[in-house]
């Protein structure tokens, strides 16, 4: 069965994945919208850079992030100067790293979804007095609902499963940065297979239920979308 | 600078990522289309299962895949019975594992893109004598082009960066399963940071160029899409 | 024929290059290495990995393989790993492990004691100096001894319990300071080697030669030069 | 859409007709029709907005899956019980109510889409459609860059180019201007004369109905209110079909005389003839003339010194109240033909018009339609 | 779309007019107009498909960014040089050529969208629009489940509900049937009588033009061919505006007598009067009558014993050839008013009609439009 420690890691995982998904919704949405609407020539560069974290092996990316977030790193100097303290080996360091690493999973599906809306609904909204910001929330967001769900699903699942970056940045500190993926890994490495299987099964089941709920919600016929 | 071994790993990575992307285009496309068009009640289950590999830590997923593909595993028994031989520690074993692991990156964006097309273009195509298969290739695929690009970008980048599953299933065999991400890991383990940095930089640059090319292609105004 | 393959624990990566060069000179046989964490290698061997010889970072994994019949020789230690304290942030290491409780010293990295023998021995040393409880809040855990080195290297921690083989490696010389952890406070980590069943079946000659070579004087000299204690 | 089951339509004894029976229930609307439509000529589906015209066309195209459906086209079984010939196997051309061009294809690619998939289709048909609908300057364009009328013209050409055996058109001319309609209508008429393709045509425009329809189906709230050949149906004074201001009759006529000096021609019908503006038509050419009730006035004596030159003598056959209580319609037999005139009740009373009375009908020549 | 710059329109000396000057170049089309439109009443934009009607409306709404643009609405600056008031700050109501409902909102939510965002708008306006356009049964529906005409009605109500100060409508009635048009047209007329909202209206339908337009703008290939008040423009025989079969004049008239027995009413205009079907209008009510040239016949003597009861005496003022060489139009002054009649040249010759001659015009009462 699950030990108290295991349950703690699950709780931490849910907290991390939810928080990262939420933060990425907040960060990724304007980025994706900007990528769709902007007419500057260098937006292709930005779009490509956004996807880049994906191509590095997680532990290597983790190492670079650690360099950046460490006391001598640019990010580390910044957080220390602003009184936020040191980020590595803390929960918030994990959050930041996961946000960077999962950014493309949020931005790419939103980009596609926003693009699919086209000009007309925006024009209609403008003739009905909606400001661009208002239009974004009352027209663009509801019309790209499936894109948001896809993005949130990918981000959430990826953050739950992420482990290379998390292990590197988090330092596997119990109750703070030891999330379920790290715990499962530890169990496997320690040849504690039955604990590993149980925890993996619980994570799978939990995630399956989350994904299923999102999916059912998405295809519900009378949602009006 | 890059050693010959490094270059070999880059070549292997490109081969693996391209092959996986190609295979997933072939596998993921009908899966996504089925998810959009099917009216069976259990399709939500399938959609959720497709995304599940994501939530397991890669090396743990690799562990389970290894158990399944090993001589005692169900998949291993099957491949051995059918004369395909043993998959773990071979290039094709890597391909299979990466395909399973990256499936959601292909299926989810395609799902969203297919959904956005709606009924009308399919109806129009039918009145113009296009069979459902024909319609799929002549209408659905070109109309969901941005979705395909997103899916291919995420899949390609993710396969390039993947490492936990690859190391477990592939076993780091030079020329066969030692891809660039594993090689970077090796360099880091050996504290050969400068080699690791160089290889990582080359991979980043290469991926950046691939992503940039895809992006430019996607937003090219006169492609007619 | 299949290439002769030696699966090596991650910490052996750069020693192995020297070993393989010497082995080639002696026997003319090319030894190719496959690097991974010891535990993962053990798992892969159980699933039919085409490895001929296994040089582990401990004795337990080869022991297990031998008992289950995946290895054909009883594990033999070829070298002992030694613990050091390593810092690149200018932390004061002069008071050794006991001095780590000093408030001026921040985070301390050790390898995960559950997984890595180096981590287990690091805890033992802390217990010896009776600072384990006091240090607990400062500890961060690396997946392996290499990750501990990365923590030190990135200066994200002040001090790490690393291996002597790492701090004497050419790649790290001149980076920060290190002090050895006195050997009375822990057990140097025995690293065992076994010939695998796949080796006997496919590359018996090379495997036996390599197995012998690892224990030869030439090999011992290479291990010694690279910061290992000899059996 | 009809499932893509792999059966093909079993051919029956050909009957040249379209037999359609559908029952399709929606939350707030039920289509329930049982129709036999002629296998040639133009059938106009007429009815108020929301009466089910589009839904009926979609059923015939196989785009809706009605709970009960039976459809036979010229003896071929298209739908019956569980069997349903998939849309892409039906030899139809469909113009949707909204142009529905493929956004990812240029105009030319849109036009070629169906052509490529149909061995029956000939490139010459497409060229003809392009010429007729003046699409040449638009061929390389993107559908998003077309005006509303341009889009609709492309959609029409696309449907015509597949050389269908049944044309289904949902208000294809609604977005077109008068002049363009005048160019396209004759083409549709010719299509129907030469090719023998039955055309089901949804329209609200009375001039289109009057001019094109051989057969008319009036829908209301998903049911057929009335149907029949246009000539009969329009001549029935008590028909529930009210073409608003455009009540009238359609007569089969023939060009019987040309007056080159005054650019006029005489059209003879069974029982009389009328003069109208000359068109580029040969002597002897058969055509239909539409005489609207509003253009016919009634006198009890021949009138002189008036610009109205077409006077026809006939006998009042029936009288009926029109949609407005101050106005009435009277039906007059002129030889074998029937005309309808509209006049105020006061005029009818003043003139003392009764059934059986002999009257003179004045038809303004210029009000005739060719 | 206009950039969302944060300036507001600077108010000028109010002039009650719309001054619009746009130059917009596209690969195969250039809009180049300089217009002054009246600040009240209905202006119909008329012109063939692709002539730039939609593009002009879009420029006025601020949805296009023309290279050169100048737009002043009732003295407010909407566009000038680099300045451009963003669309959402313009007090307009826009009905797009395609209904363009929000697919993610129900009908009611679509209707409320603009209402919620406009402090000027009052829920009562929305209720009135819902009642007029008979949308009550549709309120909970999804736009995808509406018929073409239903969609268009919802789009109209949505634009009306924001209580705009300028209404822009791009063929709003094209998908509607005759009966429904007859219900909506009077509402638009009333809107214009009571609310003083200028309405720019794109239409191909001649009855709509004739009935609604105070002012008409004729576009061709992106340029203004002709423009002016409807009455003047239609009475100019040499105008390039050819309303096809619907040439005619519009007269300002007044209900001057009611005949309850025969359900008729007399409409007096400056110079004469005509009888027409009674409507629910009080004595003294001002209204416009449209008299089409095709409904007017000419005689050189008063006619008797005919159902045509409206005879007006006048003097031939001008004569011109119509679109067809066999037909001509003559303009007749009846008191201070002017009427147009269409007749064949042969009739004109037979009757010996010349300018200055006194003639009797016969107008079929039922052909008048209210």
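Chains here go by letter, A, B, C, D and E, matching the order in which they are written, and residues are numbered from 1 within each.
Please note the rule applied: a residue touches a chain if its C-beta (ideal position, glycine included) is under 8 Å from a C-beta of that chain, and two chains touch if they have at least 3 such contacts.
As the structure is a prediction and not an experimental result, all values here were calculated from the model.
Visitor: Between chain A and chain E, which partner chains are common?
Guide: Neighbours common to chain A and chain E are absent.
Visitor: Name the chain whose C-alpha centroid is most distant from the C-alpha centroid of chain B.
Guide: E
Visitor: Where centres are the averaged C-alpha coordinates, which chain has the largest centre distance to chain D?
Guide: When every chain centre is compared against chain D, the largest gap points to C.
Visitor: How far is the middle of chain A from the middle of chain B, if each middle is the mean of its Cα atoms, in Å?
Guide: Roughly 19 Å, centre to centre.
Visitor: Between chain A and chain D, what is the gap in Å from one C-alpha centre to the other?
Guide: Computed from C-alpha means, the inter-chain centre distance equals 60 Å.
Visitor: Could you please state the distance in Å, as a whole number, between where the Cα atoms of chain A are centred and where those of chain C are centred?
Guide: Taking the mean C-alpha position of each chain, the two centres sit 35 Å apart.
Visitor: So which bits of chain D are touching at least two other chains?
Guide: Residues: none.
Visitor: Which residue numbers or ranges of chain C touch two or more of the other chains?
Guide: Residues 40, 150 of chain C each touch two or more of the other chains.
Visitor: Which positions in chain B are in touch with at least two other chains?
Guide: 59, 63, 188 - these are the residues of chain B that touch more than one other chain.
Visitor: Pairs of chains that touch, anyone?
Guide: Chain pairs that touch: A-B, A-C, A-E, B-C, B-D, D-E.
Visitor: Hey, which residues of chain D end up touching chain E in the complex?
Guide: Where chain D meets chain E, its residues are 26, 28, 47-50, 54, 97-98, 137, 141, 145, 147-150, 153, 170-171, 174-180, 182, 204, 206, 243-244, 259, 261-264, 275, 277-278, 294-295, 297-301, 303-309, 324-327, 341-351, 362, 364-367.
Visitor: Using the touch rule from the top, collect the residues of chain A that touch chain C in their complex.
Guide: Spelled out, the residues of chain A in touch with chain C are 59, 63, 66-67, 69-73, 86, 88-89, 167-168, 171-173, 185-186, 188-191.
Visitor: Once bound in the complex, which stretches of chain D touch chain B?
Guide: Within the complex, chain D touches chain B at residues 1, 4, 61-63, 86-88, 92-94, 96, 100, 102-106, 113-114, 117-118, 142, 158-159, 162.
Visitor: Tell me, which parts of chain B touch chain D in their complex?
Guide: Against chain D, chain B makes touches at 119-132, 134-135, 138-139, 142-143, 145, 224-225.
Visitor: Given the complex with chain A, which residues does chain B contribute to the contact?
Guide: Residues in contact with chain A: 44-45, 47-49, 51-61, 63-64, 104-105, 108-109, 111-113, 115-116, 146-147, 150, 153-154, 157-158, 160-164, 181-182, 184-185, 188, 196, 200, 203-204, 207-208, 211-212, 215-216, 219.
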